[in-house]
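Each chain carries a letter (A, B, C and D) given by its place in the written order, and its residues are counted from 1.
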Amino acid sequence: MTKRKSIRTDISWSTTDKITVKGLDLCEDILGKVSLGDMAFLELTDRLPTPQESTVFNAIAVSLVEHGMTPSAIVTRMTIAGAPEAMQAAVGAGLCGLGSVFVGSMEDAARLLQDALPLTRPEAKIAVDIAALARQIVDTQMALGKSVPGIGHHIHKPIDPRTPKLFEIAQANGFSGQYVALMSAVAAEAGRRLGKNLPVNATGAIAAVASELGLPWHIVRGVGVMARAIGLVAHVLEELRNPMAREIKAMVEEQATAHLR
Amino acid sequence: MTKRKSIRTDISWSTTDKITVKGLDLCEDILGKVSLGDMAFLELTDRLPTPQESTVFNAIAVSLVEHGMTPSAIVTRMTIAGAPEAMQAAVGAGLCGLGSVFVGSMEDAARLLQDALPLTRPEAKIAVDIAALARQIVDTQMALGKSVPGIGHHIHKPIDPRTPKLFEIAQANGFSGQYVALMSAVAAEAGRRLGKNLPVNATGAIAAVASELGLPWHIVRGVGVMARAIGLVAHVLEELRNPMAREIKAMVEEQATAHLR
Amino acid sequence: MTKRKSIRTDISWSTTDKITVKGLDLCEDILGKVSLGDMAFLELTDRLPTPQESTVFNAIAVSLVEHGMTPSAIVTRMTIAGAPEAMQAAVGAGLCGLGSVFVGSMEDAARLLQDALPLTRPEAKIAVDIAALARQIVDTQMALGKSVPGIGHHIHKPIDPRTPKLFEIAQANGFSGQYVALMSAVAAEAGRRLGKNLPVNATGAIAAVASELGLPWHIVRGVGVMARAIGLVAHVLEELRNPMAREIKAMVEEQATAHLR
Amino acid sequence: MTKRKSIRTDISWSTTDKITVKGLDLCEDILGKVSLGDMAFLELTDRLPTPQESTVFNAIAVSLVEHGMTPSAIVTRMTIAGAPEAMQAAVGAGLCGLGSVFVGSMEDAARLLQDALPLTRPEAKIAVDIAALARQIVDTQMALGKSVPGIGHHIHKPIDPRTPKLFEIAQANGFSGQYVALMSAVAAEAGRRLGKNLPVNATGAIAAVASELGLPWHIVRGVGVMARAIGLVAHVLEELRNPMAREIKAMVEEQATAHLR
């Protein structure tokens, strides 16, 4: 047998009488004491949140659960209609579209913020020139011909109602620091350059607040994925009770082939 | 254009200044006030839980988040190894295996319980002969040549530690009623028949407690799917930090083709 | 280390200078000599097809590649729109809906045929009473309150044009035997009972011809899955060139929430 | 109702008596005449292949069907073990990992070749300095700190046996032109720089030959996806007959948690 690198997991393991998850005893330390949102925080960060972190993290995650008839929800509904015996695959299929376009702006915004202000910077309290960083971010995006992620919204005008609420929750719990300031400054700077009102949207607010919580940018998409899985189960249940998949199929087929008739 | 049946969703919708989810104002009623687990309860049942329901539901959901190196976790890890740019698809692929075998016993147990004691029975408090129902369930399964779901465990002996804990949490919150009694009676009856110790395992306990909460059996799998999505994100993160997919592949290939060499 | 059952695959293995697939040398025996459809036959049945089998099997598989704007195609398009960097996941998501509803009637029809006339029956040429078997199948389905799979079509009237073509190809290649006769007899019998014209549709024709080829019913869905994967790639390409996902999303959202506005 | 952009598909549409796919009559022009591989070519390129194109395209596609116990095959097997009622989801899950790592080198190689020699260049026969282009490609990759895709192999030494075979098939059918020459020159140049033998591997050969066929680089992954779907169905069938998923799970769990015991 070939010599091989050993493999290891530190997430969870079991003995005959005990299940350990992230170093905690599932039955003694977690069940009945830790909520689902805090369990998610534990899974992502290897420790339980403080009450303040819990409130802020849960708010972010909850805001990502349900966005109505999204492409993902449509995918889940079309899939359960064909395979009602496989709810898990309908949710799995729905998650597959949470890529660079629909959750990407959240991830991109978090990345820009964390590139400008690294999570591991030695002294987070040190004075940084937020306005200068914001100009630099907007400059770079424009030079690359890219839009600035996390600002503006095609429906919610003048402002995405989730943004002031998430920022208020962050503030009330001590998580309104340099990332929130920077995200707001970026939005203001981009609006000034383009001569229009481009306030921080929900994806920008989540990116900023997640950064305040210390979540690395590449984990931010993971929060969206786990939250949306919850919402997609609700779409499965509604589709099973009151189906729309066949109508959607008929509507799409009729319109997409109209030029052929 | 063909006349068509209208389609409708009642889950969520947006106006320029408001987002409504299950009849509640997302920003005013939910964000900062409702935890992720309670949001899941809302998505599944169309109302927020009482504090007691919240504790019990969160305990069930949390118990399903993380089971270590399950087939689903291996699937997610093998997938992220091939497509690290698509975390959402790695989680989606991992969910696809949560079918009749791995989460089925939970669903089957809930179904047996709810077939015997319908959720909508007019008088839940009426005296029922739990022992007789249990005998009937075991008889039927045996006559069909099927095993009794929700009992016994190949690792956790003499008892799955999650069972007494979940039953204790249910009891402390007023959710230890006829379903918990029936599940326990079924385990006792099956053990007697087969002459071995077959206590209620975690899937049986979850089935019973979910039934106490009034969750229809076909929703129970949905709780497992949403919870496991959280756990699979953790496996994505560990795999990215400390990969094992290539070793697993090499190990499997070597052993599975050994007879050819 | 625990003693374990050994694992083995016989599909394919490699040495430094040779790749073996199903017992054949990939480079010497397959590449340049075996077409994709015949390779699929080899993968499913462990041997290469005769020229007649090849023609018939390829016709079946080809008939399953492309059905236009199916729910699966819509799923793939909604998914690639959100994650254009993950074409493989868009196709994977599209496949997830090929379950009991959309490909099930093909599988169900094949199963009914093979339950009535087992593939492994010692003497396939023996006289069987096709009409009696057909009556029995229709009786059983009606007694179970189930529809008869493989007959009738909501668009193609009076007849699904694929049926006579597939039967003609089967006939020309020596594969029009008892299964084709039985499927036709079932359609006639069901039509007589229900007093309407219910000719064999494409799923029934494929079920019958696949049975003639000796493909077990549980493999028939696999032919659909592999064929549809080809078609879904075409939908990915068209969606990337001429997208419709955002329009579908807008259309569905508008109609499904109209009652709320 | 909001005014909206119209949507359209040109892939396929149906009337009561006819099914059209890519402009051809499915029953008259395709069934019984076009093989599955040629159907795939039609789906990708909007026309049927010549006999030479057919041979070369089928060889490429066939070479991608089966690679043994790949991560994708393991994913499909772990998934069918949990959800044997959903073969389509097991194949779908298996496809999800065909991303930048496992099929990426093929796509990357095709992209490098087509960036250097655009498919739409006015005069393909014009003299180009292949050696200079090869140096430029290797220079660029090295300057970016990236490996050169499509060369070398960890198992097949001294040479991947598929490469000479695919190049021979291309040559015999008139598809051994500048792309094959460039790929070979790139391999030679990279080997010279790094002082080792780095012949063109199967992914490089496929990239070159697919480019000779005029397939844009972003379609090359699609060929891999459709071909692998065929192979994954074979793994479903073998797993159902002779399962290994539980053993893999036990093996992985034991080794990955050994440090905890």
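Assume a contact is a pair of C-beta atoms (placed from the backbone, for glycine too) under 8 Å apart; a residue touches a chain by one contact, two chains touch by 3 or more.
Small disclaimer: the values here were computed from a predicted structure and weren't measured.
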{"item": "Pair sharing more residue contacts (C-beta pairs) when B-D is set against A-D", "value": "B-D"}
{"item": "Separation of mean Cα positions, chain D and chain B [Å, integer]", "value": "38"}
{"item": "Computed distance of Cα centres, chain D from chain C, in Å", "value": "23"}
{"item": "Cα-centroid distance, chain A relative to chain D, in whole angstrom", "value": "32"}
{"item": "Sequence positions of chain B contacting 2 or more other chains", "value": "6-10, 13, 68-69, 83, 85-86, 88-89, 92-94, 96-99, 103, 244, 248, 251-252, 255-257"}
{"item": "Touch-based graph of the chains, sorted into line, ring, star, complete or other", "value": "complete"}
{"item": "Residues of chain A that touch chain D when the two form their complex", "value": "6-10, 13, 20, 83, 85-86, 88-89, 92-93, 96, 252, 255-261"}
{"item": "Chain C to chain D touching residues, read off their complex", "value": "1-2, 4-19, 21-22, 26-27, 30-32, 34-40, 43-44, 54-55, 58-59, 61-63, 65-69, 86-89, 91-99, 103, 155-157, 161-162, 165-166, 168-169, 172, 218-219, 221-223, 225-227, 229-231, 233-238, 240, 242, 244, 247-248, 250-251, 254"}
{"item": "Sites on chain B touched by chain D in the complex", "value": "68-72, 74-75, 78-86, 89-90, 92-94, 96-103, 244-245, 248-249, 251-253, 255-257"}
